[in-house]
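Next up: some structures, all given as structure tokens.
Across the two complexes that follow, subunit A remains constant while its partner is subunit B and subsequently subunit C.
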Partner chain A sequence: MSAATFPHRVCPATGRVIASAAEPLIKVNAVVAVVSLLIGAVAALLLVLTRWQAVHLLPAEWYYRILGVHGMNMLIFFIIYFEMAVLWFAGTILLNSRPANPKLGWFSFALMIIGTGLVQWAQWAGKADVLFTSYPPLKAHPLFYLGIILFAVGALTVTGLFFASLVIAKREKTYEGSVPLVVYGAVTAAIIAVITLLHGAIIYIPTFLWSVGLIKSVDPQVYRLIWWGLGHSSQQINVAAMVAVWYMLSALTIGGVVLNEKVSRSAFVLYVLFISMASAHHLLVDPGFGPAWKIVNTSYFMYMAVLASMIHGFTVPAGMELGMRLRGFTDGLFGWLRRAPWGDPGFSALVFSVVVFGFVGGITGVTIGTEQINIIAHNTMRIPGHFHATVVSGTAMAFMGATYYLLPLVFQRKVAFWGLAKAQPYLFAIGMLLLSMGMTFAGSFGVPRRHWDISFSQALFDVQFNPAVDITLAVMGIGGILAVIGALSFIAIAVKSVFFGEKITTWETGKPILGIPQGLTNPPVHAPNVDEINDALHADSRGIAGATPGTLVLVGVFLLAFVVYYFTNWKLLSFLWKVG
Partner chain B sequence: MVDSPPRDAPDSPPFMQRMFDNVFLLLVLGIVVMLVVYTGWGMWEVLTMPAGTLP
Partner chain C sequence: MLTKVHSGLDPAPGVWWKPAHKAEKVWVAIAFAWCMVLFAMMPLWHWKGGQNPSGIRRRVDPQAFYARTVEFATQYKVGEDRGIPIVAPPAGADVYLTGMTYQWYPILQLQAGAKYRLHMSSLDLNHGFSLYPLNVNFQVMPGYDYALEVTPTASGDFRIICNEFCGIGHHTMVGRVIVVDGTGKTLADNATAVIRDREAK
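On to the complex of A and B.
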């Protein structure tokens, strides 16, 4: 029996209190996120079939229009609506608490919807062919900027309500001590969201006034500086939310443990302090900023956030390994990994998210974010190759994995098309990996990003790329098609489950049930001799291998790949540097 | 009225934990660091740049 004094229900699987006022807010934000994902995925298919030079589907005008639609729907709407759902979830359900001012929450959601509608109208009607970045002097219809401002105000208000919900939970003592680590990750995401949205307000309000003729101009260099405080930092909200989801899925799917609360929380604090400065990566070839500003922002301070990601990149898999070993899967270096539930879409999505984010997104990001190396990567396809590995393979993949658990827990529905759901993370991950690698290698041969026709067929000058580019672009195209099929499969599963799925309010544990992830039907528990296992794992005789030797090997492989890729890029740079 | 325990009482959380738990302190620090190191310094660089002259 719950002691909560507000309208609620109790989750049959986790025992958590689910406030009646929070549940619909989580649902509507998640549903709109999926709708945005659908629009973005259709746009992605059109784009990939245009950049694949052998197909070259869209005419120039529509290529640039759809590129803007894809950027807004994927990088802003899908991700931020889902993060709003995460904030409502973390601020209430994970704290067994109630939301602060749900009426204001609905008003904020309405603002976000109106803003989304205005932006969609402007882009599809051809009134805002200014791409995602909307750099002046390119000018869009005023309603485009107004739409973004309304969306940002709504999102900022929800972030404020999240902080208010934390205060309520603390005051009403719905939890003891520090907030759980997953909530701490959501707090980190919320703080970065405030930084992000403040920059959005600072730059979009004058740009809106410029678009209606009330001010004469917007300085392009100032715009680029402030806009990237929004454009890149918004993707750092994703990183923090994604890592929070990693910890959650690790615990839910295989009983992953937190190795050390202090270490993981310190890493989140490093994100709060330093990760937003990664925005400067986009300005590394801008003449308006000196080398000191560039290097301090992208190297000295930013590397503190890279350190944080590397900490999470160790603690999450190590927590998974230790959790599995404490459940009795102790054989060999990787027995814990072999015996893991690879048929659980929540688990497979978690693993792919961690691996591709780290090995592809992380390594390429740090490398091309180095000031000197950036000159050979800037505005090439290496940049989208990098961020598709982080934002899509990392964040979107993690959010998809979380959805497979939220469907039964929050929506109280079985996961529809269960067989497809089990395969979906594999399809999406393989497709995105091919897409990212294809883009990255095409960019390494100098293929520009955001370019309709790299054959320069109507240009006055002739530019020839290495013929290998045709292969890398084909890899990108095939990967993109696979990834879009994976994304559309996820959307079909989510829509069928939410609107037409089998209702389920309670279920028996201990036996598999089609449509419910195994972490809920067979919750992970420690082995009967867990104390004995724990003592053996932490014995001095294990030496440097410690309790998680498998993860140590994996991070060793990661560091080796990092070193090889990083120094290979310095070698590539040296080929171009003809002075001396 | 019950007195709150002294801040250095043995059962009170360590200083760093209290600091990390202070969400609003982190919020302020996050905003200030970004506004000073990235935004403020960047604006200063742009606004103090001499205007270019046409030949």
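On to the complex of A and C.
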């Protein structure tokens, strides 16, 4: 029995207290996130079929318009609404607690919805053909900027309510000890969100005033500097939230454990301290800043945020490996991986998210974010190639995996189209991987991003790209189509489950049920003497490989790929004209 | 002393600040060392490498910069292509290039192996300087003069693609840079081959 004094129910699978006031807030945010994802995914299909030069679907005007729609819906609306759901979830359910001031929560949600509506209207009506970045002196309709400001204020308020919920849980002693690592990660995301949203307010308020004529001009360089404090940092909220979701899915799907709280939490602190400096990645070949500024900022002060990601890149798979070994899957280096539940979409999404984020997104990001290497990457397709591997294959993939668990846990519905759900992470991951690779290699030939016609048929001078570009763009196109099918499948599953799904309130542990992930029907349990086994696995006699030899091999492969890719890019750079 | 086994969903019991295990320590040390390598490479390239986005940077009035570009174009004009002057400044000269919707002005004719100070700015919006087929990219911004020392290493007929969105005609914004060798000839490369093919037809 739960001792909670507020209206709630108790989860049949996990025994957690689920506050009645928190549930609908989680649900509406998740639903709006999926609607945004739908708009963004349809836009993605149109875009990829236009950039695939052999197809070249949209006319120029609509290409640029839809590009703006895609950016706002995916990078801002889908992701941030989902993160609002994560904050409500982590601030209440994970702490067996209740939300702070749900009324203000609903008001903030309304603000965000109004803001979203204004932005959608401005973009679809052609009043804001300024793309996602809206660099002045390019000017949009004032309501476009106002919409973003309202959205940001709403999101900022929810973030504040999340902190307040933490205080309530602490004060009402709904948990003992320190907050769980997943919540700690959510706190990290929330702090970064405050930094991000404040940048948004600082830059969009003067831009709004400029658009209505109250301010004479907005300096384009200052705008780019502060705007990227929103544009890039918002993706760092994603990184922190994604890593938190990694730890969560690892625990839910296979009984992953925390190797060492100190190490994982310190890595989150490094994010808070340094990751927002990455806005500088966009300004490396800008005229407004000198080399010292660029080097210090682009490297997150000596790559401290990269260090953090490399730590999580070890501790997450190592926690999975150790969790599996503690459950008895001890054979060989990779028995724990081979015998993992690959048919559980929560698990496969987790693995793809970690692997593609690290190997493709992480390595390309650090490399092209190097001051000088950026010369051969800035504004080419290498940039979207990179961030589709981080934000989409990484964050969106992780959020999709989490959804397969949230549907039974929070919405109390079976996951619809279960067969499709099992295949969805594979489809989406393969599609996104092809898309990212296609874009990255096209960009290496100098193919620009955000460009309607690389055949340059209407240009004054001819440009003919290396024929290999046709192939890379076809790979991008095919990958994009697969990924959109994957995304639409996810949406179909989510919508069907939420609105028409089979209601479930309780289920018997140990009995597999179609439509409920195995981590819920058969929760992973460790042996009763788990602490002894753990001590034995960590015994000094096991040497450096310790308890997680498989993970050590994996991160070794990762480091090798990183080193090779990084120095190959320096070599390519050295072939260019002398510039300085 | 190990932390008791628990997952990321469980509250961390008691004092969780405990020593990490050997494998973790080793990985963190390796990752830290690699981060230092990543960091050191940038200053190192400023010192030893040939490609840096430093330049001399200052604020400038867009109209004044454009006027300076026109003056420069008039001074060294050697020809014209599609209505845009071809400008051949002497080695070591200050060279001016203005981006405007949707054109790069003027056409530059440079000598391979000679050093120039290339000033770039915009008359109106943000533009992107992307030298094709080399893939050299810089941001070109109204109100800022970005002056980079450039030394073309080989002759050829190059293009400047605009790679920062600047409006509905963005994809038509292509400029030209010609690099001649000691004999005054441009050597065949991908871009010139296309032009020669067309002229042959």
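Note that the second predicted complex is superposed on the first by the 565 of 580 C-alpha atoms of A that agree within 3 Å, B and C clash if a C-alpha of one lies under 4 Å from a C-alpha of the other, contacts with A are read in each partner's own complex, and residues count from 1 in each chain.
Methods note: contacts are C-beta pairs under 8 Å (C-beta built on N, C-alpha and C of every residue); 3 or more make two chains touch, one makes a residue touch a chain.
Just so it is clear, the model here is predicted, and its values are computed rather than measured.
J.: Go through the superposed model and pick first if A:509 touches only subunit B, second if only subunit C, both, or neither.
T.: In the superposition, A:509 contacts neither subunit B nor subunit C.
J.: Quick check on the superposed pair: does A:290 touch subunit B, subunit C, both, or neither? Answer first, second, both or neither.
T.: In the superposition, A:290 touches subunit B and subunit C alike.
J.: One more residue to check, A:463. First (subunit B), second (subunit C), both or neither?
T.: second
J.: Have a look at where A:178 lands relative to subunit B and subunit C in the superposition and call it first, second, both or neither.
T.: Both partners, subunit B and subunit C.
J.: On subunit A, which partner's contacts cover more residues, subunit B's or subunit C's?
T.: On the superposition, C touches more of the residues of subunit A.
J.: Just subunit B (first), just subunit C (second), both, or neither: which does A:446 touch?
T.: Second partner only, subunit C.
J.: Considering only the touch criterion stated at the top, classify A:137 as touching first (subunit B), second (subunit C), both, or neither.
T.: Touch status of A:137: second partner only.
J.: Does the superposition put A:20 against subunit B (first), subunit C (second), both, or neither?
T.: The answer is neither, since A:20 touches no partner chain.
J.: Looking at A:187, would you say it contacts subunit B, subunit C, both, or neither? Reply first, second, both or neither.
T.: After superposition on chain A, A:187 lies in contact with subunit B alone.
J.: Report for A:303: first if it touches subunit B alone, second if subunit C alone, otherwise both or neither.
T.: Once the two structures are laid over each other on A, A:303 reaches subunit C alone.
J.: Which parts of subunit A are in contact with subunit B and also with subunit C?
T.: Shared contact residues on subunit A (touching subunit B in one complex, subunit C in the other): 177-179, 219, 221, 262, 265, 283, 288-290.
J.: Which subunit A residues qualify as touching subunit C in the complex?
T.: 60-61, 64, 94, 129, 131, 133, 135, 137-138, 175-182, 185, 219-221, 224, 244, 247-248, 250-252, 255-265, 283-291, 294-295, 298-299, 302-304, 306-307, 310-311, 314-315, 318-319, 323, 326, 366, 370-372, 374-380, 444-446, 448-454, 456, 458-466, 526, 530-531, 534-535, 538, 543-548, 551-552, 555, 559, 562-563, 566, 570, 573-574, 576-580
J.: State the interface residues of subunit A toward subunit B in the complex, per the touch definition above.
T.: Contact set of subunit A toward subunit B: 163, 166, 177-179, 187, 191-192, 194-195, 198-199, 219, 221-222, 225-226, 229, 233, 262, 265-266, 269, 272-274, 276-277, 279-280, 283, 288-290, 293, 296-297, 301.
J.: Spell out the part of subunit B that touches subunit A in their complex, as residue ranges.
T.: 13, 16-17, 20-21, 23-24, 26-27, 29-31, 33-34, 37-39, 41-43, 45-46, 49
J.: State the interface residues of subunit C toward subunit A in the complex, per the touch definition above.
T.: Touching subunit A: residues 2-14, 16-24, 26-28, 30-32, 34-36, 38-39, 41-43, 45-46, 49-55, 57, 82, 84, 103, 115, 120-121, 124-126, 128, 130-139, 141-146, 148-153, 159, 161-168, 170-176, 190-191, 194-195, 198 of subunit C.
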